C-alpha cells in the first residue's frame, strides 16, 4: 500500500499481465501493453517464451526503447526467428501452434466478448471503431489474455457488437457456434485479475489488485460480479519488475 | 525424303513438337522430349517463351548438355526466374497462368486420354506404372501438347485407365465432369501431328510427317482415323533445327 | 467485389493477358492509367508498411472514381482514398491511421455517414480470400469469424458442415481484384520481384489479381534475379507494369530501406483528425495535387526527414 | 491415413507437444526412436532431391514396421521402404526410381501382388492435402482429378457443387502425418531451418505433421538464423528433433550441396530391377544393415563419388 503511488496504472497492468504468462509458451501478442508485458515476461521468468506478431513474425526480440508502433512494422522483426506472410502467421493459430493470444481491449462483456468495431447500432453507429484486425482470429482460435483499463463503460453486460468472441452467450454457445478451441482465459485490469467460470463462462474476479476493494471493482463494472472466499489479493509489483519494465519503455510511450 | 535417314525418330519428334509452341507462351514442361523441344523453341522462334517445371521452377534456362534427369532436380533451376514450392507451381495451372502443358505419353486413346498408371485391370494390373505425377493436374487445367512414339499398343481406342484426362468420352464430357478449361490440343508423334475435332473431340490427323503415308499411320493406330483433304504434310527438319537440337543434347540422352 | 468471379471468366481474363517475357517499365502516370474507374483494387503491404503510396497518390491525381479497395490492414492510404473521392468501398480487417493515433476521423466521417463503405472481415479471413483467389478456387474454408457479429454483417461468407468431419466451417469467397498495387524493394524490367522482410499478403494478392502494377525502390537486371531464383517472390507473368519509384511508400515505411516519416504522419493525422473534410482538402491540395512530381512531394516531406527515415530503415540489418 | 483427423484431436495433440525454445539435437539413432511402428510418416523433398535418406536408412535399421508413408514423388526411398518391410502403404503421385530408369521393379513387385499399397493422387492433390493439414482445415477444394480414373480409386476425396458458383469441385482430405522427416541445408539447435532452392512441399509438411524430425547438412547458431529471419522456412516450434548429418540425402541430391551419386544409383537400380526381392536383400545387407554408421555407408558409396557429387552440387551457384 505504501508503494501505491510508486507505479502507474499501466505499469501495474503490464506487470500483472506478464505474470500470467508461462515459460515455453508461444504467444500471439498485440502492440502496447501486451507486447510490453510479453517482453517483460521473457526477461523475468520466461526466457523460452516466443512472441508472434500478426504482421508475420515469429520469435521477435524487442530492444528496449524500440517498441514497434504496430505489429506490421519492420521493428517487429528485430532479431526474429522467422518472418512469414501475415496470412501464414495467422494460420498458425488455426493449426493450433499458439498457446496464448494476448491483446488489449476497448469494450468487454460478462462472457469475455470484445468489441472493437462499433459503438451503438452497427447499422447507424455512434462511432465506427477501427475493427477486428487479427483480434477475431486470435480469440476464435486460442486461449486469450486481455489487458485493459477498468471502466464501467468498458465492462458492460453485453457488448454492442461481438468483434472478437469470448464465450459468446455463455455455457456451450462458443463450441456450438463452431469454435471448439480456445476461449477467454484471463482479463487483467488496473483493478483486478479475472477468470471465467468453467460452467457458466461468466467473468469472475480471481484476485484484487493491491489496495483495491471489492466495491471499487463492482462500481466500475457494468454487470454483477461474484466475489467468493477464493478471491485473493495480488502481490504488488516488485522493484525488479518495475525497473525492468521501465528499461523497456524509457520514453514511457505505453506505461505513462 | 532424301534426308529421311539424316535424323532419328526422336529428333523429328522434338523438332515437330518445338514448332507447336508460340513465342510468349508459358509452358509447363516434362523432362525428356518436351523439355528438349521447349528449349529448342526458345532458341529458334520463341525467345520470350517461359518454361515451368513441376518441381517448382519458373523460367529456367537449360544449358546444353545439362538436361536435368527429372523436373525435381537442382539443374532445373539453372538461371531460373523463380523457384517456388511444387504445390504452388502446380496451382499456377489452376489459376490459369499456363498456356500449354507439354508432356510425353505412354498410352493415349482416341479422345486424348492418357494412361500412365495401370496396364490391365487396375484392381489386378499386369503392370503398375509410375503414376500421374503432375500429369493429371496439367491435363486437367490447361491445353495439352503430347509428344510420343507412335505404336499401335500406345494408340488405343480406350485407355485401360484415365490417368490424365483428355476429352474423356468426347463431346462435352470433359466440361461436364468439372473440367471447363484446357484440353488435349496436339499430339505429335514420329508419324504425324494430330489435333482434335471441335465437336466430337476425337483425334484427327492434321499433317503427316515427311515420307509417311496415311496407311502407315492408320496401321500403327488402334482406332479409326479420318484423313481429309485438309490433312497436310509437315516440312522436314531444317539443318538449323537439327544442329541446334544436337547442341542441346550432345550426349544424345533423349534424341538417340 | 463480394461476388465470386466464375472460373470461366477468371480463365478468360487471364488468357487474354500478355504473359510473355517482356519489359514493362512505365512512368508513374502511365501506370495510373492501368486502373479504371470502378475497378476493384487490391493494395499490398499492411498498415504503414510497404504501402504503394506513390501509386495511390497517382490514382488520386488522375481523378479515378468509384474504386473498390481491399487491403489486409488500412492506414492513411484508406483516408486518402475515401477523402479524395476516389474510393467508395474499402474491404479490410482494420482501418485507422495507425495504433498510435486512435480512431481515424476520416474513416469515421465516411463510414458513419454512409458516404462510403468499410466492409470488415477478420484479418485471416481476408488473407484466405486473397489466397483462394490466388489458387483459382472459389472459396477457402476457415475456422474463425464463426459466432461473431463480424460474420453477421458478411452474408457473402457461407457456413458449412464439413462433409468429412461434420465440423462447422466458414467458407469465405475468393477475392480476385481487377488490379493489384504492390511496392517492392527491387524487381527486374519484366516484373520478377524480390521482397525483403515482411511479405504480408502480397504474393497471394499478385497471383489473385487480374493485373499487377509494381512500384519498386530500384530496378535490377534480370541477371541479378536469375542468380538467386529462390529469392523471387512475385513472378514476372503476373505483372503488367513496373515503375521505378524511390521512396515509393513515403510517408510509410519500406522494409530495410526506410521507416515511416513520423513527423509528416503526425502532421497529417493532426490535420485530418481536426477536420476530416477541410483538413483532408488542405492536405490533398498541398501534398497530392500541388507537387508536379513524386520527387516534389518527397521534397515537401523534407530531405531531413527522408534521411532520418532511411537511416532507421537500414538499421534493421544492424544485428 | 485417408481419414481426416478431427479438429479436436489435432488441437489436443499439438497442445501436448513441447513447443518451447529449446535445444533438440540428437543422434540419428535417437531420432529414429521418435517414429513408432504403425505411424503415418510424411517424407520431405521430391524424387531424388532433398530426400531424408539418412532417416529412412535409420528407420529400416531400427526395424520399424507398418509405416504408412506419404511423399509428393517417391523414388528409391519408396523401394527401400517397401523392400525392407518397414512400410505397408505409400501415398504419392509418382513412384519409380527416377525417370531415367523406367518403372521400378520393386514398386511393381509390391503393388501388383498386393503385398503393399501404392495409393495414387495427383501431384497437386497431394500438395493440397498437406496444405489443408498445415492450415488446420479438414479439406481443400481443387479443380483437377475430376473425371479421371485416378479419382475413381480415391473415394477418400469428395465431389461438391460450389455453394458460390455452382461449379463442380473436388474436396481432398487434409493429411496430417504423425511424423515428418525433412532434410535441410542448415538449421539451428532449436530447429529453425533454412532451405535453399527447391522447397517442394516441405513447409506445408512441417506445419501439417504432429512431429518433425530434421536432418541437416550443418547446424548453425540461432544468431545466424536471427540475422536473416526472412530466410527461415520452418519455424522451430514445429520441430521435435535435429540431427546434424552431412550428405544426409545420399545417394540423392541436396540443392546447392551435392547432386545425386549417379554411379551408386545406377548400381542400385540394376541390382533391384534384376530381382526386386533378392537384389533388394543384397542391397539392404550391404548398404543398410552392413555399415556401422552413416559415415561408413557414405564410405561404401565412395569418397570419389561424394566429391564429384559435391562439386556438381555447388555448380548451381556458378552463374
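In this document, chain identifiers A, B, C and D correspond to the written order of the chains, with residue numbering beginning at 1 in each.
In this section, a residue touches a chain if its C-beta (ideal position, glycine included) is under 8 Å from a C-beta of that chain, and two chains touch if they have at least 3 such contacts.
Predicted model, so just to flag it, every value in this text is computed and none were measured.
Undergrad: Return the distance between the CA-based centres of chain B and chain C, expressed in whole Å.
TA: Each chain's C-alpha centroid was found; their separation is 40 Å.
Undergrad: Could you please state the distance in Å, as a whole number, between where the Cα atoms of chain A are centred and where those of chain C are centred?
TA: About 29 Å separates the centre of chain A from that of chain C.
Undergrad: Whole-Å distance, chain A centre to chain B centre, using C-alpha means?
TA: The mean C-alpha positions of chain A and chain B differ by 59 Å.
Undergrad: Enumerate the residues of chain D that touch no fewer than two other chains.
TA: 7, 136-137, 142-143, 167, 169, 197-199, 226, 229-230, 319
Undergrad: Could you say which residues in chain B touch two or more other chains, in rising order?
TA: Where chain B meets two or more other chains at a single residue, that happens at 57, 77, 79, 83-84, 91, 94, 180.
Undergrad: Work through the pairs of chains, note which ones touch, and then classify the graph as line, ring, star, complete or other.
TA: Topology of touching chains reads as other, fitting no named class.
Undergrad: Tell me, which pairs of chains are in touch?
TA: A-C, A-D, B-C, B-D, C-D
Undergrad: What residues on chain C touch chain D, complex-wise?
TA: 4, 6-7, 136-143, 158, 160, 162-165, 167, 169, 171, 173-174, 196-199, 226-227, 229-230, 319
Undergrad: Over in the complex, which chain D residues touch chain B? Could you list them?
TA: 46-49, 72-73, 92-96, 98-100, 103-104, 107-108, 111-112, 118, 120-125, 127-128, 130-131, 142-150, 153, 159, 167-170, 197-204, 253, 255-256, 259-260, 313, 316, 319
Undergrad: Using the touch rule from the top, collect the residues of chain B that touch chain C in their complex.
TA: Those residues of chain B that touch chain C are 23-26, 47-50, 57-59, 61, 77, 79-84, 91-92, 94-97, 99, 180-181.
Undergrad: Looking at the complex, which residues from chain C come into contact with chain B?
TA: Checking each residue of chain C against chain B gives 7-8, 10-11, 14-15, 18-22, 134-137, 190, 192, 207, 222, 225-226, 229-230, 232, 235-238.
Undergrad: If we count contacts the way the header does, which residues on chain B are in touch with chain D in the complex?
TA: Touch list, chain B to chain D: 31-32, 54-57, 69-70, 72-79, 83-87, 90-91, 93-94, 117, 122, 124-137, 140-141, 161-165, 168, 173-174, 177-180.
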